[in-house]
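What follows is a group of structures, each given as structure tokens.
Shared between the two complexes below is subunit A, which pairs with subunit B and subunit C, respectively.
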Partner chain A sequence: MFDSVIAASIYLGSFENILYLCLGVTVGLVFGTIPGLGGATAIALLLPLTFGMEAEQAMILMGGIMGAVAIGGSISAILLNTPGTAPNAATCFDGYPLTQQGKAGIAIGAAATASALGGIIGLGILVMVIPVAKSIVLLFGPPAFFMMAVLGLTSLVAASDNLLRGLIAACVGLFVAFIGYDEIGGELRYTAGIDYLWDGISLVPILIGLFAIAEMAKLFVKGGTIAQTPTDGDLTRITGTLDGVKAVFKNPKTLLAGSTIGSLVGMVPGVGGTVASFMSYSFTAQFSKNNENFGKGDIRGVIAPEASNNAKDGGSLIPTLAFGIPGSAEMALFLGVLVLHGMTPGPMLLIEREYSIFVLILALLLSTIFGAIIMLSASRYLVKITYIDSSILIPTVISIAMVGAYALHGSIGDVFAAGFFGLLGYLMIRFDYPRITFVIALVLGSLMERSFTQSLLMFQGDWTRFMTEGTSRILFILTVIALLVPILHKLRKYWRAS
Partner chain B sequence: MMRTLQFRPSLAAALVLLTLAVLVLWGAMGFDRSSAVFPLFIGKIFFGLALLEVVLEVRKLYRPDDRLAASALDIPAEERKSVWKEVKAFIWLAAFLLLLYLVGFVVAIALYLFSFLRLSAGRSVKDSLIFTAGVTLFVYVVFMVLLGYDLYGGMLFERFAL
Partner chain C sequence: MVLKSLTTLMFASVLGLTSYAQADFPEKEVSIVIPYGPGGGFDLAVRSFAPFFAKQFGEDTVVLPVNKPGAGGRLGTATLYRAKPDGYTLAIINLPGFALPEILNEKVDYDLRKMSWIGRLESQNYFLLVSAKSDIYTLEDLQNQDKITFLSTGYGSTVLAAAQIAAASLGLNEKSPVYITGYESTSNALVGLVRGDGNVAVSPVSSSSKYIESGDLRAIAVSGDEAVDDVQTFAQLGYPNLTQLNLDRAIAGPPGMAPELLAKLRKAFDAAVQDPEFLAQAKKARMDVLPLNGEQAQESLEDSYRFYEQFSTSLSNPNAN
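And then the complex of A and B:
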């Protein structure tokens, strides 16, 4: 392991790779700062740039984005009361009151430092867990893999607001994964006689459509500038960032609690950063001494969610890399990047590509540090990005997105597919069908089908043995619990109300 | 008492999904056994869920609370405005796709950007020209020169060798 770390450090230290990392960090910060865009759109847009790169370079670029997005998101949360990304929402509770009190600099200093340190702690936990994860994943056979994929998908659906629509979106995602030549039975499925569909629909145009184009359509309908909430604080005078940095070191318990919660929650497939940051915020608010100022501008209310938000990246890499089960839209897109570069996520990835994994870990580590430094020095300029008029942003992003959709296979069909999935993505937003469960089902489709078929062969066609045999039984029970918890929660609310 | 039922777009979406579920099942029945096992398994679940969604949406049509809330908030006028904006968003996208197919990336991007900025955003000719030139140049330099992608030249240019 130590050799891999050194080799990864040397690789990452080259001028070209540092340049890719800086590009990723810059794009991540900008897309994180702009509410509504976020990491998934940034990854979808930068995907085509990675086609000619080595797999590790693509990981560096994407690591740069993923590490910096959450940091960028906290700028608009603190200064505009508009979270750049969903997990930054908890930062608004105390970050914006601090801005209103003229202490924006302190909040930004604390957010940047907590993000960087949280990221480092989260990755430290990941490095400790990797050896254990390696031995655990080797115990998984096809039935356990199938049930693990089902559990990942179910817990993600359970975390969404609408359980039924989440499940339906997952079914549609699986249907799209069926399209094309079937490797198992050697048959063409759901191609409707269209030659373009024989190889299935490439992941890149689907992701570009669902995220970049659908978000632009949403912005077109909304109109105006992206951030519309005026701030009561003076953004031209952001001072006291050093006091914010010091505040993090004065509250080590808050930092540690936030980071640990973030890492642990991140490891659970499908739960994601929003739950992690809200959980660490409520934990800190509940168990801190002198907690009467929470919600009115307590600096600990900025430290806890920001530490957790960046620490979760380390944790969420475990299910993504070891089982191929992404926990968020960003991770699903990142998984797509890995697959495009010939790296199949799963147990063997941790064993065979340890070096590549450490390149990613170091890239994430550096990106949080670079991101925090840029945030400390340039937040007053970065926040101005949110005032860009959407009429400029929309045609630019759509043009670049379409070039990206075309670039991988040089197929005009992919461009039309991106347009189609843009429409589908918008309709999913409009009718409240979660896109994330669709994407994850699509990514997991072939793994699920392969494990399902292999398991049925092992079980001689008796599918009930998924629920009675070894590890898959435990995973089945967890799946049932994951489905029942939100139903019971809703029933309890209903009974209380009536 | 005569009850007027409001059209619910979410019911239309649920019906489309139910139709898709039927198509998934119907398609799977025509495959060989090994290719059909998983699509059939998922298709049945999909059908059940889509049917449940339709039932829930139909129930909402008859729930007095929802109908009262809908009329009190006067949603239809707002909704119509927003629907027209949505249609416009996808007309722009469809026009861009058509342009791409006919004249290729570089020309289509330039035309799309300029017309979008002029007609949809109401920007001045000068601003639109400068911005269009900047983005087109960016796409040309990054994707064609630096990354070496051979971007699609357009059906018209390729067919008539213009």
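And then the complex of A and C:
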């Protein structure tokens, strides 16, 4: 194993290969920043370029993209409340409030640092678990998937400020997730005869509407700029990027928790980075000390999801490489690249092609670091976006958002969906319903439903076996704990007060 | 019906008038619609094939793969069906996948029999698989199981249909087998089989060979005419009616293509699938290139309809609400 690492680093060190890596990082950052484009589009675009390459070079290029995309995506999440890619959605909840308080520099600094360190930790965990990778993947059958979705939903709803509103938003999210063709029952649901709805509404246009468009609507009503103008009027000085970098090192627990959850959830096949970053956000929000400030601009709310969505790359390589079951569109495309270069994913790939895998791991590692450095050095210029007057900013952001929504599948239906969810998002802000429980329910809904039906077929209808067997039993216990913790918190506060 | 043939006739006459332009075909890029998202087998087939297909038309021609996923492939197929038959829009078709809705009496916006078939690119046979840890070694062992649970992708997919046909032909239906459907891909279902979610699955040979090599799964029979390694065919094991179970990937254009244009595309296709460079690339990507020319592809489609229609009563959704 050690030989492979050294051989891989030497290979990666050649001028040509570093150039490919930089190309990947640049494309990844740009595509990550623009909502709707994302890693899948970038990989699809550069895929023909890899035809003439060696398999390892193709992996360097793709590794460059995958490592940088989530970093680029955090910029738009923090500055414009518009997740550049779906896994960045959780970063909005605290990143954007920080921007509004004029602390965008801190948020960007923390996001870049957390991403880089999260990426490194995630790859470290990957290297450690490769020998037992197979058994981890095999632990998760349909019952465990179902329980994991229940755990994710429960911990988030239980942690929301207003339980009733959190529940309502989650129910609406689940409802939206059920729109479309039910593969198991073989029926169309809630499609109202519209062809576009057959496959359900895809996540990205919903996120664009819910965050970007809703935010611009809010800004339009409020007027002015996103961030409050600093009192001394000096825009260049208040970036605070360095403070953000320091904040990550001051919160090692958050960083570690975010990275670990990210890479573990990433390993679960078919789940993907969006779930990973939401899970680590909700975990951090629920189990951190002094957590009153979450959702209002707590820096830990940026660190956890950003660490997680870079750490998940390492984890999600396991189901992709070992079983050919990708957790996201991006990974699915990457799988295509692998196959095209004669690396058919399978239980033996991790062992047979150890050298190639390490080239990929190192490329991912360097990519997150390069991406973070580029972002840190650019942050002082990027922050100025938040001081642009709304009369210029709103039309620009809305155009980019709409183009992004269209570009994803080239479907005009997605643009309408983004518009509709923009309106819904604005109403949710206006009447104080949490968007986070809505989004997580939406993300988990179809996984939850499918695995529930499959489990019942497996259990022959005996649902008590969710609580008595295998991995799902452990997740069930965690769910009960997630329900009890907020209650205990409140009780403790109540006792202390009296 | 009369109206339909009238429109076809009108189409043909309009085409006849415009056919002078076809000598210069192609004057712009040709797109091949992939009715699935990027990354899958169909996507891969087109992306590997496109550059070599383009080469047949000269240096400057570009053949563009266009992903149009949706409605289990029906959206992309319907898009092709409605496109102008000018040769600039082609698509890769899943056979029998896209014929299934019709066989299951569902309404679709296309008619595969009317399309302009350019050629079959790939063809795959199916393995009948069990976990290597199980005590099932032969078809008889499977038939003697008390409980049979198939794992498969969702209703309307080719793999589920293949599983149902296998169950019907092997006489497993008296055991009222359970079908756990809805796995996102065949690979997901196969991992489920390794994990023990169920005890049997059907899968195209190429998707499952890696699990057999790794010793996780065991194939107990294969469709088609040739035994694979030591796995015997259904015919050799006494079930010749399962020989025809297969999955084809073929290239087609919209209905009503002018004969000269179709001939030109077919010629290019036939040449491209013989290109040693393409074959080398295809081998690297582990594609199962088994070309048929346009006319043969059309005939194989008719055969496919006949084969699946005889099982149409067995193909209803096992988990309908």
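Note that in this section the second predicted complex is superposed on the first by the 273 of 498 C-alpha atoms of A that agree within 3 Å, B and C clash if a C-alpha of one lies under 4 Å from a C-alpha of the other, contacts with A are read in each partner's own complex, and residues count from 1 in each chain.
Convention: contacts are C-beta pairs under 8 Å (C-beta built on N, C-alpha and C of every residue); 3 or more make two chains touch, one makes a residue touch a chain.
All figures in this text were calculated on a predicted structure; none of them were measured in a lab.
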Discussion item. Applying the document's definition of touch, where does A:H341 land relative to subunit B and subunit C: first, second, both, or neither?
Written reply: second
Item to complete: In the overlay, answer first, second, both or neither for which of subunit B and subunit C A:E187 touches.
Response: both
Practice prompt. For A:V221, decide between first (touching subunit B), second (touching subunit C), both and neither.
Written response: first
Discussion item. If we overlay the two complexes on their shared chain A, which of subunit B and subunit C does A:I373 touch? Say first, second, both or neither.
Written reply: neither
Practice prompt. State whether A:I400 touches subunit B only (first), subunit C only (second), both chains, or neither.
Written response: first
Item to complete: In the overlay, answer first, second, both or neither for which of subunit B and subunit C A:G419 touches.
Response: first
Worksheet item: A:T453 contacts which: subunit B (first), subunit C (second), both, neither?
Response: both
Fill in: Residues on subunit A lying within both footprints (that of subunit B and that of subunit C)
48, 51, 184-187, 410, 453
Fill in: subunit A residues within the subunit B interface of the complex
48-49, 51-52, 164-165, 167-168, 171-172, 174-175, 178, 182, 184-187, 189-190, 213, 217, 220-221, 223, 389, 391-392, 394-396, 398-400, 402-403, 406-407, 410, 412, 415-416, 419, 422-423, 426-427, 430-431, 433, 448-449, 452-453, 456
Item to complete: Sort out for me which residues of subunit B touch subunit A in the complex.
Response: 9-10, 13, 17, 20-21, 24, 27-28, 31-39, 41-42, 45-46, 49-50, 52-53, 56, 82, 85-86, 88-90, 92-94, 96-97, 100-101, 105, 109, 112-113, 116-117, 120-121, 123, 131, 135, 139, 143, 147-152
Worksheet, complete the sentence: Listed in rising order, subunit A residues that touch subunit C in their complex are 40, 44, 47-48, 51, 137-138, 141-142, 181, 183-187, 195, 198-199, 269-270, 323-326, 329, 332-336, 339-342, 344-349, 409-410, 450, 453-454, 457-458, 460
Worksheet item: Which residues, counting only subunit C, touch subunit A once they are in their complex?
Response: 37-40, 43-44, 47-48, 51, 67-72, 75, 149, 153-156, 178-185, 187-188, 191-192, 194-198, 207, 210-211, 213-214, 216, 281, 284-286, 317, 319-321
